[in-house]
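Both complexes shown next keep chain A, but they swap its partner, so chain B is in the first and chain C is in the second.
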Partner chain A sequence: MSMTKSQRRHTFSAFRYLVLTVWLTIVAFPMFWMVSTSFKPDREWFAWPPVYISENATLQNYLVVWADVSEYAVDETGNLETVAQSLQRPWTALGNSALISVISTTLTVLFGSVLAYGVSRYGILSEGRMFQLLMLRMVPPIVLIAPISIWYSALGLLDSITGLVMLYFLTTLPYAVWMSKSFIDEVPREMEQAAEILGASRMRTIWEVVLPLVRSGLVATFLFILILTWSEYLLALLLSKTAVVTLPVELSKYQGSTEGRVYGRQAALSVGITLPLIVVGLIIRKHLARGFSFGMVRR
Partner chain B sequence: MSRIELVNLRKEYGNVVAVNSMDLTIEDGEFIVFVGPSGCGKTTTLRMIAGFEDPTAGNILINGEVVNEKEPGDRDLGMVFQSHALFPHKNVADNIAFGLRMKKVPQPEQARKVKEVSELVRITHLLGKMPAQCSGGESQRIALARTLVTEPSNFLLDEPLSSLDAKLRRELRAECDRLHDELQKTFVYVTHDQEEAMTLADRIVVMNQGLIVQMGSPMEIYSDPVSYFVADFFGNPAMNLVEGEFVAGASGLEFHCSQFNIPLPEKFKNTAPGKGSLGIRPENVTIGTTDGGASINSEIELVEPLGKDTLLYFGTEAVRPFVAVIEGTQEVKRHAKVDVGFPDEAIFLFAENGDRIR
Partner chain C sequence: MTADATIDTTPAAGSKRERTRAQGIRRFKWAVLTPFLALMLFILMPALLLQGYFSFFAFSIFDAGENTGFSSYFEASEWVGLDLWSDALSDAKFGLAIIRSLLFATGVTVGCFIIGFALALLMYRPFRGQGIYYIFFILPMLTVPIVIAYTGEMILYQNGPLNDILSIITQTRVEAQFLYKQEVALTSIAFLEIWNWTPFSFIIMMAGLASLPKEPQEAAQILGANKWRIFWEVQVPLLRPVILLALILRFLESMAEFPKTWGLLQGGPGSATETVPVYIFINAWQFFDISYGAVLSYLILFMMAGIVLSAIWLLRREKKSLDAMYESKPQEG
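Right after this comes the complex of A and B.
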């Protein structure tokens, strides 16, 4: 039996929602599990059958990890106090992470977009050069560690905020250039020329015409790079493990702790790492929808 | 008093010559139209006048002063773009006021001028809207207003109507004409549309492959084209151009082609035999009556009534059918055999290289 056009359209749409639902489940389940685990008391961490939503929900994990409340750490297993004392530095790590990622992302987007403007309007980098720039990202970061360690130790940049900022700036710059270039390319050249012939200077044109049109795109670029930097682990671990600890590195310490796998604490810390990104995303969501959908400029 | 002079102006992109040593003086208050097929160099010329492209050689003078080194904003020009190029994040009033703000005109005067100019182009009802809420025709009016408000002595218009539909195009064409009439400023207009050129221009500059092919009033260009290219470009329906051969016959020069042979008028008697083409405008072809000139008997293969006029097609198997225009009131039948006349004074001859034979 053949379907009518509208039946076919409905079937297709039902199929699409099915696929999206499956995909969403796969993506969202770990997040759900993280949040759920962070509220579980320790005996439910490994429980079988698994506990999806704990009936004995507790803030204990959060208090131990984030509030350094040792008295809450005393419970029947007896080893939580040690955990709390040996690993209790998440706020410092949060501060380090925030400082490093915000500074490096700001620098990257600033320099990257200026460079991208030059590429888009003046062709200061050939297409070949642009791909070479992207190729930088193809190098496995780990192979860079040896040379960078040597130079950093000579320059006294090991285990420093400056060192990480510099490295993140350089490794994320290609993304910033490529992304912001795609947004700048969207602004028709004629729009700038219209401003120019009406008497606007080059800087004035960029400020009044180009910037407002690419703002959403730049915000999207900023968030994308902020996420990369915020959750970067490998370089942070290898270049700065004692004085300057970032959140991902802090989290990894729980994984390797001698007291066994303290999943609830890890989950509580993970929530703390994820939350700031979600908050930032919510604050700038107006820009994100526009920025990621491209082509806001009507030609 | 404003005058634009192009002296030996040349533009090359790598090996490609876009504009080839152009000399032209545009007089104060003139409405001049650059017309030609795409790639003929007309837009490049306009963009050089505007200052968006640097000439490879030659000079541009505005009001007697060489402006090659001046920024676009300092050249006493206004420009309207094909894409309107309105600022999508500013409302219509702010778009129009932009140039005034750049020139640091005091606020109250800005407001007054914006109001004045929007009355001139009839868009006062749009001032509070965003460009995205305006139609294509409205957008082009806004773009005009944005340019008009700064009161430049010269207006450059780069295919301003080509993104609009036919009806709007006619409407805004009339608007451009009216504005030029009212302002008495110099308009330099670029288009690939021969009809726009014919209706708007005081003077048409026909360009092809970077060169000026012919320059003159619309009627001069229409009635006295210098080459096959110009003859072919102007007129709708286009001139009938038939490829063939000039042959010395018993009673003078004759034109032979695959479909007909006709004797040529007396004035061409000194033309050398050889390959070439014959041209005649569809409206000059006579049907049925043959007063003075050659005629052939041919079958009407297609009849296209357009209301006021009717188009008759002959020889439709050729690359270009032969067309005649008759009054819409005249009664004709498809497949009827009629006498197709070539009045002597309506015949154009072109040499094989495209040059006009007089």
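Right after this comes the complex of A and C.
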């Protein structure tokens, strides 16, 4: 009855692969469905039984959404094309999204990590203050959005990149500080002291001793904040009307259209929104393995 | 935020060098904090004050007329005292929205945590293929919520693949309405939210497990404890602060969930997905009842502050007891 040790190990290994593969399927399927739908011609969007991989794969969804090819689709169901045409071309939205998320993420991580360094090394914020900072993130943004939009209209910040960047900075700063502090805390102080004894200046110590050691951590922090700002919906929806539309808001217009659902077009746009983050994530994947424990574990 | 709390400014040794050092630190502190405090002061504070104003002065969009400038908001509002507050406190729909949000957030938190922790337990020791699984498992977090909402709709759609798969399994035509049926709509959104944010719990738990000290586990093994006991009596106690953090952050973030709920169902069918953010949104932005929205927002602000403060209290207690445990170790050994 009783299994030997190696048998047990084999059973565990098989069990592990089974469970992980089940979850892998659950994770991968929606991704697959999104990509597959983006290549389907319109008659297959709602077909029963559903089409998994289209035999009539077409680039039309991408062309209609991302390139201005109205004549390309004239012979197809015309009303679908009017939906796409009534919208701003998503390249503008892509530009806005990229600009806003990169600027605000860079500012947040830069500022947050300097603050975190001060907290870690000089205790410039007490533990209590650090937790108060976390509160900033924990209050749902919806509760302040109406007065902020009124205040922004007074300041002329409605529909502006600056306005969104400032709010993204405030709402993501707590995570930036907490995450980068947990990485900075891990750097042994002795190394900095050694560098100082050897005569290195403060700046040089930080630049050449601390920074290389926390680089992975900062990259992981950067990606996490980038995820939050790139995909932010509520603030972008309510504070930008026409001039500064971001990609998630652009996508939601398809759903709001009166022309009915346009799955293929939505999917083509969705792929475009998702791809940049996944590419960034894949490029920096080895930095992510360090994960985020927010300093809740002693190493 | 005041200066006195954190830095020991007393010139203990009195030496000039130490004084300039303290001065340097203070200068550094204010240089770093100033932009942050400026934003708080000029963006968030006025908003909070406006919110307070409108909760006592009822604003009416009809009085605002053509004028849409800043002053029009004040011209179009009149003093109503606590009327709106008592309205809100006896608003049954608001009560239901709070209950819905709490249930939603609890379900999502537990779901994310159980799956995330289970995956982390299976994965934190190296094995072949670990890297590939890891990359795939964080993908949902990299996906924009509004994209997840619409992709979710395509999958849950009546003629969608989920119904197809169910049909194949049961050998009958399944035409389940996952989104447009009152009983299941919020649950479906919760599953989308779990899919989206399980990676967050997973990554936190992976980091937690990977950084556990090896010695206590080895010691327990030598003493003959089995895996189960090591898990419950060594690993879990050491992980308590991380576990708590994973639960709290996820709970609070899903209390604020908006893109999927609004993007897909706008509170419907009926009012089945009217969570707190959606309910406030409907009042403030669809009915333009900024004043009522302000009152609701303040009430939620108080409620969330209560939840957050108790969460922070719990976290600090856990972290302190963990720190104390680690610090007492050298004396024992």
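Methods note: the second predicted complex is superposed on the first by the 281 of 299 C-alpha atoms of A that agree within 3 Å, B and C clash if a C-alpha of one lies under 4 Å from a C-alpha of the other, contacts with A are read in each partner's own complex, and residues count from 1 in each chain.
In this text, a contact is a pair of C-beta atoms (placed from the backbone, for glycine too) under 8 Å apart; a residue touches a chain by one contact, two chains touch by 3 or more.
What you are looking at is a predicted structure, and each value in this text was computed from that prediction instead of being measured.
K.L.:
Taking the superposition as given, does A:Ala146 touch the first partner, chain B, the second, chain C, both, or neither?
P.N.:
second
K.L.:
Please indicate which partner A:Ile124 is in contact with in the superposed arrangement: first for chain B, second for chain C, both, or neither.
P.N.:
second
K.L.:
Please indicate which partner A:Gly199 is in contact with in the superposed arrangement: first for chain B, second for chain C, both, or neither.
P.N.:
first
K.L.:
Check whether chain B or chain C contacts more residues of chain A in the superposed model.
P.N.:
The partner that reaches more residues of chain A in the superposed model: C.
K.L.:
Would you check which partner chain A:Trp33 touches, where first means chain B only, second means chain C only, and both and neither mean what they say?
P.N.:
In the superposed model, A:Trp33 contacts chain C only, not chain B.
K.L.:
Where on chain A do chain B and chain C both make contact?
P.N.:
Residues 296-299, which sit in both footprints.
K.L.:
Which of the residues in chain B come into contact with chain A in the complex?
P.N.:
For chain B paired with chain A, touching residues are 50-52, 71-75, 77-79, 81-83, 85-89, 98-99, 102-103, 131-132, 143, 146-147, 150.
K.L.:
Could you please specify the touching residues of chain A with respect to chain B in the complex?
P.N.:
Touching chain B from chain A are residues 188, 190-191, 193-201, 204, 208-209, 212-213, 296-299.
K.L.:
State the interface residues of chain C toward chain A in the complex, per the touch definition above.
P.N.:
Interface residues on chain C, with respect to chain A: 1, 5-7, 25, 28-29, 32-33, 35-36, 39-40, 43-44, 46-51, 54, 68-70, 73, 115, 118-119, 122-123, 127, 129, 131, 133-148, 150-155, 157, 159-161, 164, 167, 195, 203-204, 206-208, 210-213, 239, 241-242, 244-245, 252, 255-256, 258-259, 263-264, 276-277, 280-281, 284-285, 290, 293-294, 297-298, 300-301, 304-305, 308, 311-312, 315-316, 319, 322-323, 326.
K.L.:
Report the residues of chain A in contact with chain C in the complex, numbered from low to high.
P.N.:
13, 16-17, 19-20, 23-24, 26-31, 33-34, 37, 46-50, 52, 111, 114-115, 118, 122-129, 131, 134-135, 137-148, 150-151, 153-154, 166-167, 169-170, 173, 227, 230-231, 233-234, 238, 247-248, 251-252, 254-255, 261, 263, 266-267, 270, 273-274, 277-278, 281-282, 285, 288-294, 296-299
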